[in-house]
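Next, two complexes with chain A in common: one pairs it with chain B, the other with chain C.
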Partner chain A sequence: MKRLLKKDELEKMVADLMENYDVIAPVLKEELIAFQPITRTDQILWDYPNSLKPVKEFFLPPREVLFRFKQGKAEPMSPAPKKRLIWGSRPCDARSLLLLDKVFLDETKDIYYFEKRENTLLIGLSCSDPQESCFCTSFGSGPHSKEGLDLLMTHLKDGTFVVESNSPRGEELVKGRGRVVNTKDEERQEKVKEEAEGKIERALQPDSFLEKLVNGFGSPYWDKACLQCISCGICRYLCPTCHCFDIADEDSERVRFWDACSFPNFTKMTSGENPRHTKRERFKQWYNHKFNYFKQNHGVFLCVGCGRCLRSCPVKIDFREVLDRIPAQTASPGGKG
Partner chain B sequence: MVEELRKKAEELLRSGKVEAIIGYQRSNGSASTTPCFIEAEDEVTRLVWDEHCVYNLTLYLKEMKKKAGVVAKGCDAKAVVALIQENQIERDQVQIIGVECERQLDGKGRVLEKCKTCQVHIPGIYDVLIRSKTPTSKTEKEELAEEDDAVRELEAKPVSERWRFWQKQFEKCIRCYACRQICPLCYCPECITEKTMPQWILPSPSLKGNTAWNVVRAFHLAGRCVDCGECERVCPVGIPLRKLNKKLEKEIKTMFDYVPGLDPEKKPPLTDFRMDDPEEFVR
Partner chain C sequence: MENIYLPHPAIIKEIIQETKDVKTLTLTFEDEGLQKNFAYLPGQFVEFSIGGVGEAPFCLASSPTRPGYIQCTTKKAGKVTQAIHDLEVGDRVGIRGPYGNSFLLEGLKGKNLVLVGGGIGLAPLRSLIQYVLDEKDDYGKIVIIYGAKTTEDLVYKKELEEWGKSPGVELVLTVDPGGEDKEWKGEIGLVPSILEKVNPSPDKRMLITCGPPIMIKFVLFTAAKMGYQPKQIVTTLERKMKCGLGKCGRCNIGRTYICQDGPVFTYKQLEDLGADYLA
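Take a look at the complex of A and B:
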């Protein structure tokens, strides 16, 4: 069901929801766009490019205590049952959660992740102004995609929003608010959508990446392609689909926290052996995980086209170029791996 | 300047003085740049030079296994001096293509903070120098005055307030280690953060671990940091790391009358010791 709500009606809706939910919304925090729990509706950003960190941080936090221990006894953390609502997530970030579900829910259910997914409603905000670095349409999504969302809000650029439910829980939230849309509203929504999609000029061919990655696994191409990379963790950490973590005991807590395959220690074993012992191997791994292994294991590419890796790379490595330039080969020469 | 740069690069490659040139090239058709590695004479046309050339390319010298030429601004060239002092590179293994720099811009088109107080528009060390046609007009005096102020503002605050300020900053840290990775002088094969026995620094992004990490990073660069400002530029969460670096730079200047990155023959104070040191424990 689609309904039309004015901005103040939406603000009223958020205020009402705050009574039963922890509401997390995009705010401006020291020049950075960040999702965080809000206490007032006037904190919400209604028009923003995208947040620095993806919303994955609320499902796979940068640091999470798994349990505490004291004098030989473990005290399990009871996952907080408080209901949460993420307001204003971009469709690309919502789609990333569906990909993370494949990792954390499909085979072995990760209880920490599961509890948070179950307890969280996702309200999306369509993109009206995708950036040069955005390419969500290449990965089966779009600036107005409802996938993975409970509700999708689309600003008609006049202070009114079309709010479209995409789940029974979402329908429940918006029921009785604003008015039902008419044909004219829907036409305007379609126009806004087409405009937004038109701004995404560059289309990638992910299927060609898969083939090139498989055949070019041992290619000398990677020797040079990796040179620029400084081996920091920015692209991995800010990626909505990167999900690798490490576990450590800190003081009396067992914590898990984001880890990145760009770090030499990521694959270092206790014996001292490191199967990915050079920058070349570590650089290549990220591309293969996203566009080769994940596709082969789960049938989808591990990318939603949010463009954060492009915008945040300290030396402006354009991953699209890296993939495009892999020489097409018919078979892998093997060798260097 | 660009034509001259390309010509010099080509000469260096042709003469066999270098096997590779580390320079700047356009990033994917945009105004911004990305580092490039050129090994063939006919590729020198990729090289560019303008206000978007922000990176300190000397970072890549430590990974280079061949004789390389590097395009270096004044601030970058100071890192080469420090790397020579610390025996990380040999002077005759590197050709420094110095470029006279006016001021560089960040991604939003604003002049980089470090450029506002720059005193090395012309690199202090180079093999080839590419001069600017429109050199900067700022006097040295003006620049020094500004520099002093940048440190003094924070110094004037009481300890508790400074602590709160930095706790708020370190809280944001996501431990991506971009500050370490971009630093030409962070070259340890194994960083203290990677040691697990003992675990000196808590690895997860807690305030405690973040504080330890950021303090250790700054301390390890005391008397060595040449203020190229790259750590602050790349920090994704905007921690003002140069404030820490500048404070330590000032301390070193006061205590040892030493400024890093100027003289390859000088010994950095924290790697040196003398029999007449006033401190008993040093002797």
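Take a look at the complex of A and C:
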């Protein structure tokens, strides 16, 4: 169901929802755009390029206590947060959660992730101004995609928004607010959508990445391609789909932390042996995980095209170019490792 | 919903000092129901946890054919293993698992076996040996070749004697040159060369090996030279592991997660995995 709401009606809606939900929304924080819990609706940004950090952290926090030990017994931390609502998430970030679901909600469900997912409603805001570094349309998403969202809001640029429900929970939130859209509203929505999609200039061919990665696994190309990378891990941490973690004990707590495949310790064993002992291997792992292994294991690429990795890389590595330049060559024996 | 990271409380029942830096711990789960229902197979591993110190993966060195307890054999190597070595009988630890695949027991059924172990790599093989000895009718003749650096480094010393005396079992022990002492009656030489010397025929046989990566590498080559087909050779791989559940992302070789799809592989599968499988 689609409804048309004015901005003040949406603000009223948020204010009402704040009574029952912790509302997380994009705000300006020290000149950066960040999702964080809000207390007033006037904190919300309504027009913004995507946030620096994805909403991943609300489901897989950078640091999360799993257990507290008492007399050697592990007591699970109650994973369930208060009912939450993420307001204004971009469609690419919503899609990233569907990809993380494949890891954390497979047959061995991760209860910490599961409860946060269950307790969180996702209200999306269509992108009207995709950046030069965005390419969500190449990865099955789009600036107006509803996938993974409970509601999608699309600004018609005159202070009114088409609000489209995409789940029963979403429908419940918007029921009775504003008015039902008419054909004219829908036409305008379509136009905004086409305009936005038109701004995404570069279309990638992810299937060609897969092929190149498989065939070029043993290529000397990687010796040079990795040189520029300083292994800082920023691309991994800021990526909405990177999910690797470490588990370690701090005093009497067992804690899960984000980890990254760019660090030597990620795979280094106590014996000193390290299966990915050079930067080349670690650099390659990221590309292969996203555009090769995950695709083979789950049928989709582990990327939503948000562009954060290339916007934030301190040495300006553009992964699209790294992948594009893999030379086509025949597979070397054992080239799948 | 089950909490997949929850370590289940277990009590140390016995500690056997195998060598200077290797101990075998016998554990039972505090929850009797869990102890009864804890089903596992040789080749699988657990995450062993000491609250406030950390977790580390160890293979199950005991066999499900001997219920009532589980055993792990651990070598002192770092933080968690040091803490494990400081434990005393009666202490409480945490166990979650079992994880991973197993020694492909169906594929071993009806076959002759040669088990080739080095150092503490005998631990997972011990599980298999006990299993096979307890289910003797399902398997053919067994050759066990086991080596360590020195006589002091051999684990399961008492049990080795028992195995040697079991009908249908040929036990060959070896130590690296210089590792022998006056009483030593076994072989002297590296495990792969002793394997070649004993020369168990590949006819209707499976070869299962576990030990340091360098030993495994040479055992694989030697076995291939002796006429073993890649699908007749089985080994276990070691990787850094944290979750054991295919989520933390670090133990993969290519698209294969060793914690779930392994740690046991045939040589044939390893060849398909790619070049860098042995660290």
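Just so we're on the same page, the second predicted complex is superposed on the first by the 328 of 337 C-alpha atoms of A that agree within 3 Å, B and C clash if a C-alpha of one lies under 4 Å from a C-alpha of the other, contacts with A are read in each partner's own complex, and residues count from 1 in each chain.
Keep in mind that, in the parts below, a contact is a pair of C-beta atoms (placed from the backbone, for glycine too) under 8 Å apart; a residue touches a chain by one contact, two chains touch by 3 or more.
Model, not experiment: these values are computed from the prediction.
Of the two partner chains placed by superposition, A:S128 touches none, neither chain B nor chain C. With both structures placed on the common chain, the touch criterion links A:S208 to neither chain B nor chain C.
When the two complexes are overlaid on their common chain A, residue A:F257 makes contact with chain B while staying clear of chain C. In the superposition on chain A, contact of A:I317 is made with chain B only, not with chain C. Once the two complexes are overlaid on the shared chain, A:S167 sits clear of chain B and of chain C alike. In the superposition on chain A, A:A248 makes contact with both chain B and chain C.
With both structures placed on the common chain, the touch criterion links A:Q228 to chain B but leaves chain C unconnected.
By the touch criterion defined above, A:L32 reaches chain B but does not reach chain C.
Counted by residues of chain A touched, the larger count belongs to C, out of chain B and chain C. In the superposition on chain A, the residues of chain A contacting both chain B and chain C are 246, 248, 251. Against chain A, the residues of chain C that register as touching in their complex are 1-7, 9, 49-55, 77-78, 81, 91-94, 213, 238-240, 242-243, 245-255, 271-277, 279. Here chain B touches chain A in the complex through residues 27-28, 32-37, 55, 59-60, 63, 172, 174-178, 180-182, 194, 199, 202-206, 209, 233-234, 236-238, going by the rule given at the top. By the touch rule above, chain A contacts chain C in their complex via residues 66-67, 69, 71-74, 76, 103-104, 106, 108-111, 114, 217-218, 243-249, 251-254, 259, 261, 266-271, 273-275, 281, 288-289, 292-293, 296-297, 333-337. Put simply, chain A touches chain B in their complex at residues 30-32, 52-53, 62-63, 224, 227-228, 230-234, 236-238, 246, 248, 250-251, 255, 257-258, 260, 263-265, 279, 312, 314-318, 320-321.
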